[in-house]
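Both complexes below contain subunit A, partnered by subunit B and then by subunit C.
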Partner chain A sequence: MAQVPKADELAKVSHRPPETPWTETPVEFRPGTFCYGAKPKNLEVVGLPNPREWNPADEDWKLPDNWKDITLNGMKDRLDKFRSFKLFMDICVRCGACADKCHYYIGSGDPKNMPVLRAELIRSVYRKYFTGSGKIFSKYAGARALTERVLKEWFYYYYQCTECRRCSVFCPYGIDTAEVTMMARELLNELGCGIDWIAGPVANCYMNGNHLGIQPHAFKDMIEFFVDEIEEVTGVRVEPTFNRKGAEVLFITPSGDVFADPGTYTLMGYMMLFHEIGLDYTWSTYASEGGNFGLFTSHEMMKRLNAKMYAEAKRLGVKWILGGECGHMWRVINQYMDTMNGPADFLEVPKSPITGTVFENAKSTKMVHIAEFTADLIRHGKIKLDPSRNDNKIVTFHDSCNTSRAMGIFEEPRYILKHVCNHFYDMPEGTIREKTFCCGSGSGLNTDEYMEMRMRGGLPRANAVRYVHEKHGVNMLACICAIDRAVLPPLMNYWVPGVDVTGLHELVGNALVMTGEKKRTTDLRYEPLPGMEDEEDDDV
Partner chain B sequence: MSLTDYLRQNQKAILKDWFHAVVDSYPAETAAFLKKEKDPFANPVGYSILEGLQGVFAQVVEGAEQEKITPFLDRIIRVRAVQDFTPAQAVSFVFSFKEVVRTRLEGDGRLQELAGDLRTLEAAVDQVALMAFNIYMECREKLYELRVEEVKNRTARLLERANAIWESQRKGEGSREES
Partner chain C sequence: MNASRSIIFSLVAVGILVCLPLIGVAAGMTSFFGVIVPYLAVALFFIGVVARVVRWARSPVPFRIPTTCGQQKSFNWIKPDKLDNPWDNKGVVLRMILEVLLFRSLFRNSRMEFYEGPKIRYASAKWLWLGAIVFHYSFLVVLLRHLRFFSEPVSSLVHLLEGVDGFLEVGAPRLYISGLALLAGVAFLFLRRVTIPQLKYISLPSDYFPLFLIFAIAATGVLMRYIYKVDIVSVKELTMGLATFHPVVPEGIGSLFYIHLFLVSVLFAYFPFSKLVHMAGVFLSPTRNLPNNSRMVRHINPWNYPVKVHTYEEYEDEFREKMIEAGLPVEKKE
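This part shows the complex of A and B:
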């Protein structure tokens, strides 16, 4: 009779990873744990190298013959050009302070997701080819040769880092593994080994100005559709303008706000606010995307896609730019835009026409974050708010990695929340503000084939939400990032059912008392306002 | 003394063995982290496993109904269903409870005496394992459902709008035909 394995034997079949050194354990491409490879048509549009049909799970990646030279030359180039990259390769003392700080490590338990090991994947190659000791005593110096297996490992783990920078907060040397990931992704892209969920939006954005590739007339049409929706809820007809020369302010937001719920409600919130305060603003149907997946491809691509913002501001002759609720768009603007495509001397230092506040912090980029703008309006008592309209929402706030760690926006959204709703509870210290946990789907990893991995990466975030859900009955997770609005709903659905997701300005829109509005019975989602449940029934 | 009393008395030690058995299914560095890190927010996997096991233990020992066990099992399986485990590996922790108890009884020289009770307990654990499989399947199905929903929602407003235009055009055409 066949021997039936015991439970622990069964469990141990390839259970604990083989006890080989990490440098020698190959990665396994299992569905759900990797993103599809970039399609040739998307690479061709922007002239990225080696366009071909390929699948990361295949043995043959169809690399160019001289792929090793391309990669090593690419590394050399970047080591010369970016001092930070060289430093990060050299100075890590392997103290381990970052090791257990990555949400992907915490959620997956895979040691190669420890930031120190993630960086080591490329550092070991750096040692082999770019340091004296590594060239001679490779094995002892922790150096290894660049092989296809190593390259596949790069792909697997550098597209398993959301460039969230949480690890850098804990590193005594300030090593930013996110920047190491960026370099690795640039190198992978030189071989045509990017992922399609990034390549597609990049190509679309390059051709049509936004990630979905929606053309200007359709973009305008969508926004007008929400004008009707706003009128339905409030009785007030807002009047957005498009490509209007001479407007004071150009408004740019991620296109996710225009096409997918719940971002669309946030979009309605913006438009209601601008109408109410009489802001002289315009949309651009060309700079119709705040997001920039170029950031996840290469610095050149980021620059190319970002350029349209200033170009449109110049063409339209606006004074300054106001930006909507987005995450990585702000990382690009705050950290790179000014030196990449700036200085934007043709623009003025942003000054709120309503309060007179000068946004000194945006003196150089000329672009203000809407949370700063709205918080300033509230502080000066320029808008009337009825927070009780959000009384059925018990709210907590997710700090997006980018707005928090790349900009330090902590107080403004909380200040706004405390004015637009009556029930707000923060998640535990250590999971918010500069230590916030990533949504698990940032940096272009928000694709559906990656759902399993996203659930792992999002576990620490969800776990903290679960705590306030159980303790305070939190049922609404607010955020100021379009990717968050897209990816937190499935994350909540899996880990903490009963918690919905909202943008900050959706709550502002609900609470905003507009001049000439009708008696409001529903919120922006057509759900009855607290105490109005019966009125709704009467209407039907 | 019955097995139930024995389990109650040795609860702490048995839970510890069980927890270690489960956690040792992770790579060595990770197992050490899961055991050591005490902040539940820094170590959600370790805490989910620990709380889940505590709950399942209490319910099994006290002979609770199925519904009461489900949330505790769910705590653990929801995590393991999205990690690098095969279905068997993901739920095998339930069976390892049997090994843990048996080993401890053996060590204490009580196996003979409590063998009858142990068989009953093992049958109960098998029941729990069946529930575990169901929860595992639910979690995996949920993942697929989330994928489908996400793809749909991405362009939902565009479609809604396109349909609205299509509808209004059709109505327009319709009225022309009538007139």
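This part shows the complex of A and C:
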């Protein structure tokens, strides 16, 4: 695995384009800037084509003989199925408004990371084979033939896009590079040219229900481990149930919350909250993954993985589904799930059993975001909170790309934050809400062999955090996304040491005053609560 | 292709287009350039644009993928952003009107400034928006003013427009702001394309060509009006002939007019087959023209098809023993 350069070296970014035109600048597969190719065993599990051992850095990609026909037919098929794709191939005027909006461009200076050029990589091929002007005028009309070099360029740059949609906010025609990247990745996957960090979780999720491939008994064990942890901190024993028929609510969260810090603290927060309000809910080991790496593979794969949510809700006979903190999971739920796997007519319109609030905005999908659910509880005064327990945390909030630009959940998490902690400062306008910056590792690019690009892509986010870190002493970056929780800690260590990362419901868990709890001396991380530093010592 | 080659190619192309009517009219082909070409161009324009829109519309919108740029509608105590995150058609219509008429997304534009450290700042950058507004609106005014050549009597709205456009009341004939603004707008769009390195890098011949073409159209128009005057009465005779489908080609209209008319014809004919169709395309953009309500109302995908899934039964079959041992409920006991 490639060594990541030191931060001060990586910070020297030139945004001056090279002398050679982009069509004549070949890709260099430099370690640290691309992900490993999909392994055959993972493709075989879900029946994806062309499983073989291969390495993107190799000359020979072992493509099927008719790869060009497969790709061009695949393009035609998708042009006919998606108006977005067809339109976005035709109407770009190359005004350049998107150019400096991409985190990868800002952090790398590579001109092909400008959204406009990223799209031109495939648009040029579209012109060559699907437009009259491209067929006649060829390169004078901006057209170019599909070659293996072009295909490698696609792989390199469409796996250097996190589908964050920031460029589409600024585009005067709403051209969404995420949509273009999704099509390109579908085409690459038809040739077996995906990345393993996506193919692995897809295969695991398909067979075992979650990205890590945790089997049912182990999943139960892991959750029960945190039951002990919660008891240790609060003295209260929560009692989660699994695969229980007849529960009112099915709770689904990304499996990252179950196995990796600091997501696990968020998981503890969920369970403490549900216990305190007496929510009649169940976990599922079969639908034990909120995330959906199918979204990063193909629309079909997204549907195949997402199907488990409704299927399990139906089997268990719950009334509605509650979803945990996750970014792309919520893009799938908000913009795809009901269309793909609905109608969920076997469920009821979600209604909070505690406050009686009917979630009209989820009346068709029947799935509620945990931030909506908790904000409603706080609004109705149904939980007791002591925000001073988070007083040693000076918090800012990272809006996740997908929940921002494919949903628009901005106020609910902020409302919760303002009730569970006393020190909250937003990052500068232009770096939050719909203009938020990607963590640099979204859309399945959160793998270690890609660390250099992750640090580059995360630079704009880190830069904004550093601003509030220096100005307000911010030491805690809150978020509502499991990938964020996994990738922001190394990003902060790299660019802004001294800032930690937390899920929203970890802070809720800290502040939540539970019935029958013992005197709390530590937070969920076993770090002393403000003013309890001495007592902590006594305990140890 | 590098920038200078793209620019030269486009310049040469426009140069040839200027020469064609010059030679043709000298050779007596006035009816070809005065009647046949304009009719063909307008026909191509309408057929081309309709065909293009139909081509787009034939592909369905399988998923509801608006780019949400504001707070979603959730509780009555949280103010939703009707414009930037519309949940109904009314909001979408408002969002689209602002997008189409005021280029609202472009107004958001910012400019990244990268300093050592690294420190990154985002400065306000409204020049592109302003340039685009000036360019598009002056073009629109110029176009509408030209209705004077295709109607008799001339509509009072055209008179009004001319009054506003010429409010400076200088020169004879009176100076129209829109003509100069159009030239300035085109010049700005060209200059930023060649002076901003990134923009220069992404530009294609098809980005320069329409700019040069429109510049040449505006320039010949301005020249005709203020400097090398053509016989305006004969011009109107010709244009009215076109408008009433009784084409006539009067003698003695200057060749500058034929150049102008030919370039306009080329623009019309080129329009549907180029990036200029963004004018029609923006209305169809699924990230802008759909409400963000797919959790409230089910969006239908016309080609939704069944897919292979790993069912719960298959899952339980694989893990039944382990599940029973761990005390997890199962459907089948053995």
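Note that in this section the second predicted complex is superposed on the first by the 522 of 540 C-alpha atoms of A that agree within 3 Å, B and C clash if a C-alpha of one lies under 4 Å from a C-alpha of the other, contacts with A are read in each partner's own complex, and residues count from 1 in each chain.
FYI, contacts are C-beta pairs under 8 Å (C-beta built on N, C-alpha and C of every residue); 3 or more make two chains touch, one makes a residue touch a chain.
All values derive from a computational prediction rather than experimental measurement.
In the model built by aligning both structures on subunit A, subunit B clashes with subunit C.
Touch criterion met: A:D100 reaches subunit B and subunit C at once.
In the overlay built on the shared chain, the residue A:K86 is in contact with subunit C alone; subunit B does not reach it.
Once chain A of one complex is fitted onto chain A of the other, the partner contacts of A:P111 extend to both subunit B and subunit C. Once the two complexes are laid over each other on the shared chain, residue contacts for A:Y526 go to neither subunit B nor subunit C. Of the two partner chains placed by the overlay, subunit B and subunit C both lie in contact with A:N463. Contacts of A:T431 after superposition on the shared chain: both subunit B and subunit C are touched.
Contacts of A:F346 after superposition: neither subunit B nor subunit C is touched.
When both complexes are overlaid on chain A, the residue A:A362 reaches subunit C alone and has no touch with subunit B.
Touch counts on subunit A: comparing subunit C and subunit B, the chain ahead is C.
When the shared chain is aligned, subunit B comes close enough to touch A:M455, but subunit C does not. Once both structures are laid onto chain A, the subunit B stretch out of 38-46, 110-118 or 146-154 that overlaps subunit C is 38-46. When both complexes are aligned on chain A by C-alpha atoms, subunit A residues 11-13, 15-17, 100, 106, 111, 114, 221, 428, 430-431, 459-460, 463 touch subunit B in the first and subunit C in the second. Across the interface of their complex, subunit A is touched by residues 21, 24-30, 33-34, 37, 39-45, 47-48, 78-79, 82-86, 88-89, 92-93, 95-96, 98-99, 139, 142-143, 146-151, 153-158, 161, 164 of subunit B. Across the complex, subunit A meets subunit C through its residues 11-13, 15-17, 21-23, 47, 79-87, 90-97, 99-101, 106, 111, 114, 116-117, 120, 131-133, 139-142, 165, 168-176, 179, 206-209, 215-217, 220-221, 242-245, 285-286, 299-300, 303-304, 307-308, 311-312, 315, 333-336, 338-340, 342-343, 357, 359-365, 367, 372, 375-376, 379, 404-412, 415, 428, 430-431, 433-435, 459-460, 463.
Contacts from subunit A toward subunit B in the complex involve residues 6-8, 10-17, 30, 32-33, 100, 105-111, 114, 212, 214, 218, 221-222, 225, 258-261, 264, 428, 430-431, 448-449, 451-453, 455-456, 459-460, 463-464, 467, 486, 489-490, 493-495. On subunit C, the positions that touch subunit A within their shared complex are 1-2, 9, 52, 55-65, 67-75, 77-79, 81, 84-85, 87, 99, 103, 105-106, 108-112, 114, 116-120, 122, 128, 132, 196-207, 273-275, 277-278, 281-282, 284-288, 292, 294-301, 303-304, 307-312, 315-316, 318-319, 322-323, 325-329.
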